[in-house]
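Here the structure is laid out as structure tokens; the discussion comes afterwards.
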Amino acid sequence: MNSIDPVILFFLFGLVAGLLRSELKLPSALYDSLSIFLLLAIGLKGGQGLATQPLGPLLPQLLAVVVLGVVQTLIAFGALRAIFRFDRPNAAATAAHYGSVSVATFAVAAAWLSSRSIDVEPQMAILLAVMEIPAILVGIVLARGVSKDTDWRSLGHEAFLGKGVTLLLGGMAIGWAAGPEGLQPIKIMYFDLFKAVLALFLLEMGLIVSRQVDELKRRGLSLIAFGLAMPLLSACLGLGTGMMLGFSVGGMTMLATLAASASYIAVPAAMRIAVPEANPAVSLAGSLGVTFPFNILAGIPLYHWMATQLTGATP
Amino acid sequence: MNSIDPVILFFLFGLVAGLLRSELKLPSALYDSLSIFLLLAIGLKGGQGLATQPLGPLLPQLLAVVVLGVVQTLIAFGALRAIFRFDRPNAAATAAHYGSVSVATFAVAAAWLSSRSIDVEPQMAILLAVMEIPAILVGIVLARGVSKDTDWRSLGHEAFLGKGVTLLLGGMAIGWAAGPEGLQPIKIMYFDLFKAVLALFLLEMGLIVSRQVDELKRRGLSLIAFGLAMPLLSACLGLGTGMMLGFSVGGMTMLATLAASASYIAVPAAMRIAVPEANPAVSLAGSLGVTFPFNILAGIPLYHWMATQLTGATP
Amino acid sequence: MNSIDPVILFFLFGLVAGLLRSELKLPSALYDSLSIFLLLAIGLKGGQGLATQPLGPLLPQLLAVVVLGVVQTLIAFGALRAIFRFDRPNAAATAAHYGSVSVATFAVAAAWLSSRSIDVEPQMAILLAVMEIPAILVGIVLARGVSKDTDWRSLGHEAFLGKGVTLLLGGMAIGWAAGPEGLQPIKIMYFDLFKAVLALFLLEMGLIVSRQVDELKRRGLSLIAFGLAMPLLSACLGLGTGMMLGFSVGGMTMLATLAASASYIAVPAAMRIAVPEANPAVSLAGSLGVTFPFNILAGIPLYHWMATQLTGATP
Amino acid sequence: MIPIQTEKRTLLTVFTEATLEHVLIKDIDRLGIRGYTICDARGKGSRGVRDATWDESKNIRIEIICARPQAETLLAHLQERYYSNYAMVACLSEVEVLRPGKF
Amino acid sequence: MIPIQTEKRTLLTVFTEATLEHVLIKDIDRLGIRGYTICDARGKGSRGVRDATWDESKNIRIEIICARPQAETLLAHLQERYYSNYAMVACLSEVEVLRPGKF
Amino acid sequence: MIPIQTEKRTLLTVFTEATLEHVLIKDIDRLGIRGYTICDARGKGSRGVRDATWDESKNIRIEIICARPQAETLLAHLQERYYSNYAMVACLSEVEVLRPGKF
């Protein structure tokens, strides 16, 4: 029998402490440092994997996940407008969150799979980095249409040179250039401590999620419904894409998780500037308050089970 | 022969650097992060231990340490009023510091015992958390009497949901739920790095202690006398309690150390709000400037020696 | 074949991210914490080495490196005045940077040598600490002459009790007192994680170096010429001194690197106060923008090659 | 451009111990004041140097823009309740705001 | 000592969301304003509590010393562009500076 | 409630390089000024952008409440000693305090 993963327990601890209004809080420099560490470590791990295989097959995969991101954003936008009656800016901003990805969710899935010794294609880290971006651009176009005074240059800058993408790509480049052997002397920190650092990060995530509860109450059931339905739909799209690309069970699970996950760092920051009329509290209550906990508590095992069913593998 | 523990050397280094007015200081976010880490690690370790034994015998132990905390506070208050001529608010606030416990002292004792392979009952972490609290409440009653406008709700909140208690209890809950096996993947950070992190933390403690010297000079010998006598007395009470509860030599040493230790985080913050007339510099000069160094430099080995004498064990 | 060291890759990553104006930045508390860690770890390592050998031969070595520092500063000052036409304050301040040393460069050299299993004399850490200081004092005298109102007391304080020197000497004292055995329980953090922490630190260094580019452009080629020529000259002086002192190839390489390195922490802070008319942007553009990257990318292997040639050792 | 229409309000600035943050926020809320801004600080005063090196020596700096009577009420409350026992300094000054209804 | 010669300038203080920092700096530069100072902050206003615990809830506090007309131009720009969609409060006050040519 | 009795004092605000903190504190003490408050800051001025990303580019913001003559003395000292070589801006404004004897 598997006991509950301590990483999840840290999250639940943060959540409960937050709901009980404990005085616990992490210094914001610690939170920033932990997230820099996680992004770098994910990048390094992926890059080191890439170093041992040809890069050729990567291109169609990159294309596929860009399409996946765009499709997800459009579906989410349609649903939010038609079914959930969101106004245009809020629908567009929220859709962008769901079309993009969450690094913390990715990290939890990576830890979940590795603790079960399930292999994952190494290029997942690069797909993670790439999937952050298209939803942002689509979201902006959905909110504003394509107009002359869209400042595409600074949007592109924001999207491609934001902290998250920079660290993921930089980490990958380092991992790829150094290779498994070169990384040996720094392995103990970036790989062996990964799960423990992730645990501490999730403690803070729990605290942050607990602060979304008020907004959720205010919005009622519709946001919760969307926040549960959308990841399920996206996971199916992700599983299909993974299957099409010939991924392993681990890779399919990961791609489903990526698709199901909703951004809460890069996208909110970009939307705040690009779609000022959208209320950030709404998108975050959905993405952080509903979808993130759902994914890490129930989604990942579910997507893995679906992947094994689809491929006919024995779980 | 045992060389001096590096943890103690870090403390002495901080102390000397501070006394020489070096420009060395740790960023306050680092200090906060280290203390969060230590509290979590202590909790995890305790919780993991609890997972492998029945919880039944815990209840009388909890009761015993609550009584121990209350008694210590009352004795300290009496002594400060009668012998040291403190006014009521300062006597009450200082007594609360000495009736409560110090996590850093606990951590040093844990490192000291573990480097000598002396086993300690795992529930010590929960006793540590519980012993933080009663002295705060007693201190307030001593200072103000029980009046109608005491805001017990927010005091209770402060006492039970303060950072320290939350992290200790949360860590224990996680350790207990995950068990030794579940903690395996995060063990390297929370257990193997513990002593090194503690060392860095004590460096900062040394710097902080060095800043108490001015206040100590101003107060003269009486504060020093109290700061040395009180822990000795409390240690005896702790040893007695430990013996009564049937603890091992390690457990008795630990309970003596807990009793002897004086708070410098939770209690000062609570007293500052609840007993404004008390001068925090006085209590801290005693607890940080005298009792903390005494305990970690001389107290712990002494209490261990006393424990071996009492139980007739060979040291 | 040796792949590129990941530590260097981290630096290049930071440099590129900075030049592309990525939004990446490390919290300043993290940067401070990493540098505290590195200084302590270098000190501990050196101190532990000293614990196993007689301290007698140290004295002439200390004297030699003090002279080395003074000579370097004077040469740099002369060259900057005569060849590069700097005004007096800027020449003096910049010369002080080059007469002093850079801890990050030292750390990279230590990692470079240790990954090639090349032994280094343990007292290097103490030479590092000592070499920080004389250039500061010489620089001030060069800028202002010796006048009555020089506040030597606070300058001495600044020089000897600044953060860097305090941590190096404190770490050495701890390492020496605890010895290799005593450090065992904290070894995993301060020694095994050293390279990974250095990597993260160099990421930030890359970002900082990238910000020197504007100033470099403004100053034209002369600063670049000086920033390349000076370390080469200093390295030769360092190699000579190392040979004279009978150091091993590793020790000679290290002393050459130390001599070649230019300060960017202790000296700028001291010069800012003591020589206000000097423009800190100039010295830093040279020391950080030219000399630091040159040393870690090309200098260290070069100095090592020169050391092997000089001693006739097989590389 | 039409000249902007500002109106006068009072800015109350409080320098005090960080431990008081929660308590003061409650006081501010209770008095019906609708906004405030807080920064971390360090400093020196009659209660000595407070250099923010650890929890006990951290200061904060609170700014509150409101109508003069509210500022005076809060200031009087601070004086009565905290001045004698805490490191605390407060001052009033005059500022101009748009949207006066907000303050 | 000769009495110092000060001249009046306007201090514009803006409390707003940290996400806007880059954007506002560009605005300031574009308006030809030559200097500003920024501090990290937290606070409360009509858009709720912003307690700086994570990126989305961080505030900043910008101070700009400049001539009155420039301050009014910037303030009008802020009002038009940001007031309705962002957590933002701004106020003007009077200060005295040396070296008036600098501002 | 009795109307509160405030008295006028001068607030001197200094924006400058963090490296100067120790030196300025000594100057303040030497001039017999009894209190100050310091915050960390970043900013831009005639000496370029100082974005606090590392030691050399950190700013601080010092506030000093005191009597006008003291403020002028300190300001004159700053001007004479630091203005030409350091990133530094200072301004004076008027504030009201209780307990005037304290400042």
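Labels for the chains are A, B, C, D, E and F, by order of writing; each one numbers its residues from 1.
We adopt the following convention: contacts are C-beta pairs under 8 Å (C-beta built on N, C-alpha and C of every residue); 3 or more make two chains touch, one makes a residue touch a chain.
Remember, it's a predicted structure, so these values are computed and weren't measured experimentally.
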In contact with chain B and with chain F at once: which chains are those? Just list them. C, D
Indicate the whole-number Å distance between the mean C-alpha point of chain A and the mean C-alpha point of chain B. 41
Roughly how many whole angstrom separate the Cα centroids of chain A and chain E? 35
Using Cα averages as centroids, what's the distance between chain A and chain F in whole Å? 46
Could you list which residues of chain C touch at least two other chains? 25, 27-29, 188
Find every residue in chain D that makes contact with two or more other chains and list them. 39-40, 93
Write out all the pairs of touching chains, ordered by chain label. A-B, A-C, A-E, B-C, B-D, C-F, D-E, D-F, E-F
Chain F contact footprint on chain D (complex, rising order): 13, 15, 39-46, 59, 61, 72-73, 75-76, 79, 83, 89-93
List of chain F residues in touch with chain C within their complex: 17, 19-20, 23, 48, 52-56, 58, 82, 85-86
Which residues of chain F touch chain D in their complex? 1, 3-4, 6, 9, 11, 25, 34-40, 63, 65, 93-99, 102
Residues of chain C defined as touching chain B within the complex: 27-29, 32-33, 36-37, 40, 157-158, 161-163, 166-167, 170, 173-174, 177-179, 181-183, 185-186, 188-190
Would you tell me which residues of chain C are touching chain A in their complex? 3-7, 9-10, 13, 16-17, 20-30, 111, 115, 188, 192-193, 195-197, 199-200
